[in-house]
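What follows are several structures.
Two complexes are shown next, each including chain A; its partner changes from chain B in the first to chain C in the second.
Our next item is the complex of A and B:
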């Protein structure tokens, strides 16, 4: 399929988009910010018969808190996330992750729905959504379902989305005042880079260095995001001293299953998973103590 | 005629803080680079690259591509009217490969088509029958007798050697010897504008190539040689440039454009590499392997240095020989070491092609000698600056390569300045301030030097023209391109200073064979010096023309003509530049002058050195604070004190930007 032969349809409302998805027999793909889609089209990897350009669906671009939940529209850009006071207060780890996506141009164009839909194991916002207990709202013309983010991905580039469905919302649990989060990324460069390893951490603190527990999710070290549940279970074993942090970090390599690719070797990734967890926990504790 | 500007203290433009004349259009994005242009009737050119790093070509079948609708032409080596090769020193790189490919950047065929997409499709339809050959990927293997020979003269493109004193004896009596091997990788210039441009041939057969480059006249010569075409019928426009750093010194796409333009019925043809193509086919920095052995006495006096450097030039030479020669010339640092045994090899492999890149081989050896200086200092317990101060050569002394250094030497003073700077004086305090427990900080310094201009064996001339325009402005023409370093502003400053006018009266044109004289390359830290001096040679000729014309117009002797700011006067009357132009025009006389300059050179070449020594060198010391994350290995450069021996600074505003850019 030549790029010049690909059609494009730009629905003006969500219902028009869902109607199209339910009726069309053409091989389609959704395009929002295009920061992944355009690149893959150029590389020849994504050549659908028709692009469905959803960039104009303003109704899918929002950040709001209601019924005890934060709702984020899939067309919310990374820059929108960075600038949201609500998210800064109640989803700090997501804001940090959005700040690490590519560089400013990518943050301005790229959307959180796109980051999820592309389903890259290196997607920066996804580990943050894992530790925030995100639910993905999936809609077709006649159905709507809420799926925990951990059930959404099948493998690299593959999700449970059906041909007639699309992501229409992301729901996260707002952090309580004693919950704090951090996102750590290691890339080949400081900007314009895809993660070699990244990790999102969210802790529920009691007081001092004691914590009730928390969630840890690694990116780019497996076919999907990896929850480090063994590490998580150690978080509440005692005060998070430097020694305990180092011990927890040492467990991390048992949880990840990285591969060697153009960005790094499996061995380096495995070591760096521990390094990033140690660094992240230390920094998070510092932040908690200096709050 | 009187001159108010003879005293440098009264200079209005030279040495002042002058806003760059090319800044507004670059900052606003108004400036169009050659590759930004689009034309309605334009066609797209694409290059077919080799499938293998080393293979024999049995057959090239272009039939499928020719038949594809929208394809205008498909060209192979058979379509090259002249010499099938290019290369600044040795034209060993085929324009289009015929019998063998030596790297994956090799070009095998060219296509022009109605759209970029059709051109890309056409490439996939060209069938090349290859017979893969053994690949040479390592310089030491390349030098061994078991390696396949990549070029008729073997795999060693060049060998340089400098020997002074008796290193063997020196190593025997030395109190300390350090010996190490330093590897440095291939590096990409990664300029913002990838290689590209466009070409067109008019009905009269005049070929115009608009393609960013670093020496339009030499590009023209290389095009003419391959096309077997009168160079006077080729116009090359090579400025402005979206960055080059040496990577556009060699031919990039100029010959492809010219070949395609001969087959597109007068339609302009454009080639613009994708970033990926630029990675594969563009020039890179030479990867080096430098083996170094340095000896000193207990008091820190350097006794001997032995260097064996190998540069991987990839499949073709380009400027590889000169890069290795310059590396060897600089391999002992700005020090006086009595016994040296230095040799360098430029080696062909089947790797990507390496050529000119800022530093030109000196970076690779500087890393070695400066690391050794630190190691010796540490082992002997001598302060690293003291050790360097002890061993630097001063003006009038003999350098390590064995020549008397006649021009100024700034190393000692840059070291003294480094010693006094806050970062060095308080380095223990800064080192102790690591931001997190797993981070470690270090403060260190390095000093280096770099030859200016071409060295012995290569003519090094500058040329400039100044033309009085109808509106009373002056058009300064210099061949050296505006590569982004700010030489256009320097040329305008020099002209404004001598013509005693505001800089807004000066326009500068660069890099255009139809509008500028041949003034050599924009490389080798030469264009400010050589081009600036050429303007300074042309400007008095313009002053002479202005005053003589004014005298003639007013019927006054020259002694009565005053050069005032932005105009001339005589006998109480004001003479504007416009009126002078008008007078010359009416009398059918030229309004244009020229100036030529020859860069001073050393008389005697050091035998076997491939061009050393240079007459002028620039000197520089850096003090750096770095922080290493011991968990991840990430390194941050937190602070740099840059201490250049800049000589006469032409534009103080540009100096700061230049130092930042160098970092």
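Our next item is the complex of A and C:
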């Protein structure tokens, strides 16, 4: 399929879009910000017969808190996330992750739904969504289901989305005042880079250096995001002293499952996953003490 | 083929083109606006940066059909000789260009950045704002200096006239 022969349909509402998805006989793909989709088309990897352009579906671009959850529309851009006071207060780790996506242009164009749907193991917002207990709302014309983000991915670039479905919402648990999070990323350069390793951490603090548990999710060191549950189980074993933090970092070295690729070797990724977690925990504690 | 409406640098155009053609190609081939450049072609270098509804975006990975009905500003729209913008004057003054391939994209990114602030930015702020624009010749010292110079020109213009 030549690029010049690819058609485009731009639905004017979500229901029109879902109707099209349920009826289309053509090979279709959704495109939002295009920061991945357009590149893959140019590289010849993705050549649908028709693009379904959802970029301008304004009804899917929102950030709001209701019924004890924060609801984020899939077409919310990374820039929208950076500017949101609600997320700065109650989902700090997601704001930090959005800041690390590409650079200004990518943040303006790219959407959180696209970051999830692309299902890259290196997607920056995904580990943050893991530690915030995200649920993904998936809709087709006649069905709607809520899926924990852990169950959404089935491999690099692969998700449970069916042909007639799309992501229509992201729900996260707001952080309590004693919860703090951090996102740490190592890329080949500071701006505009794809993660070699990244990690999102969210801790429930009690007093001083004591914490009541937390969540740790690594990106880019496995076929999907890795929840470091062994590391997590150590968090509440005592005050987060230097010794305990170093132990947790050692456990992380074993718990990640990286491969060697064009960006880094597996061994380097293990070392860096361990170092990023250690650094992240120190930084979180300092923030907690200076809050 | 599809007919799309684009408002580019203030003028409305109706263009017939394949909807999956890049916005950059439409600007360069259909409208003859060749300031925006294709370099990496995948949104990593920023030399194709334009403003879409006032926000910086890489036009090489925006599809024409997606830009339908949107408002686009290119480097030509920031300013053309002899009516250059303060940011363009500053680039000339500071010698912040060498081969010039990245310059139009940087000018557009800098324009968007300066539109959103009303102070003279620190070096780190400028680095963050221009993080998506790569230059392979001069290094960034003069570019950063030029953005600061432009910011101080803008702020001196805004000061009320005394007397």
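Definition applied: the second predicted complex is superposed on the first by the 291 of 291 C-alpha atoms of A that agree within 3 Å, B and C clash if a C-alpha of one lies under 4 Å from a C-alpha of the other, contacts with A are read in each partner's own complex, and residues count from 1 in each chain.
Please note the rule applied: a residue touches a chain if its C-beta (ideal position, glycine included) is under 8 Å from a C-beta of that chain, and two chains touch if they have at least 3 such contacts.
As the structure is a prediction and not an experimental result, all values here were calculated from the model.
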{"item": "Clash or fit (per the criteria above) of chain B with chain C on chain A", "value": "clash"}
{"item": "Which of chain B and chain C A:242 touches, first, second, both or neither", "value": "first"}
{"item": "Which superposed partner A:275 touches (first chain B, second chain C, both, neither)", "value": "first"}
{"item": "Partner touching more residues of chain A, whether chain B or chain C", "value": "C"}
{"item": "Partner chain(s) touched by A:53 [first = chain B, second = chain C, both, neither]", "value": "second"}
{"item": "Partner chain(s) touched by A:31 [first = chain B, second = chain C, both, neither]", "value": "second"}
{"item": "Partner chain in contact with A:104 - chain B first, chain C second, else both or neither", "value": "second"}
{"item": "Chain B versus chain C as contact partner of A:86, first or second or both or neither", "value": "neither"}
{"item": "Chain B versus chain C as contact partner of A:191, first or second or both or neither", "value": "second"}
{"item": "Which superposed partner A:4 touches (first chain B, second chain C, both, neither)", "value": "both"}
{"item": "Overlap of the chain B and chain C footprints on chain A, listed as residue numbers", "value": "3-4"}
{"item": "Touch list for chain A against partner chain C, complex", "value": "3-8, 10, 31, 34-35, 38-39, 41-43, 51, 53, 55-56, 79, 102-106, 108-109, 190-192"}
{"item": "Chain B residues touching chain A - in the complex, by the definition given at the top", "value": "115, 117, 121, 436-438, 629, 631-632, 634"}
{"item": "Sites on chain C touched by chain A in the complex", "value": "2, 18-22, 41-44, 46, 49, 55-58, 61-63, 65-66, 68-69, 109, 112-113, 127-134"}
{"item": "Parts of chain A lying in touch with chain B, wherever the complex brings them together", "value": "2-4, 186, 242, 272, 275-276, 278-279, 282-283"}
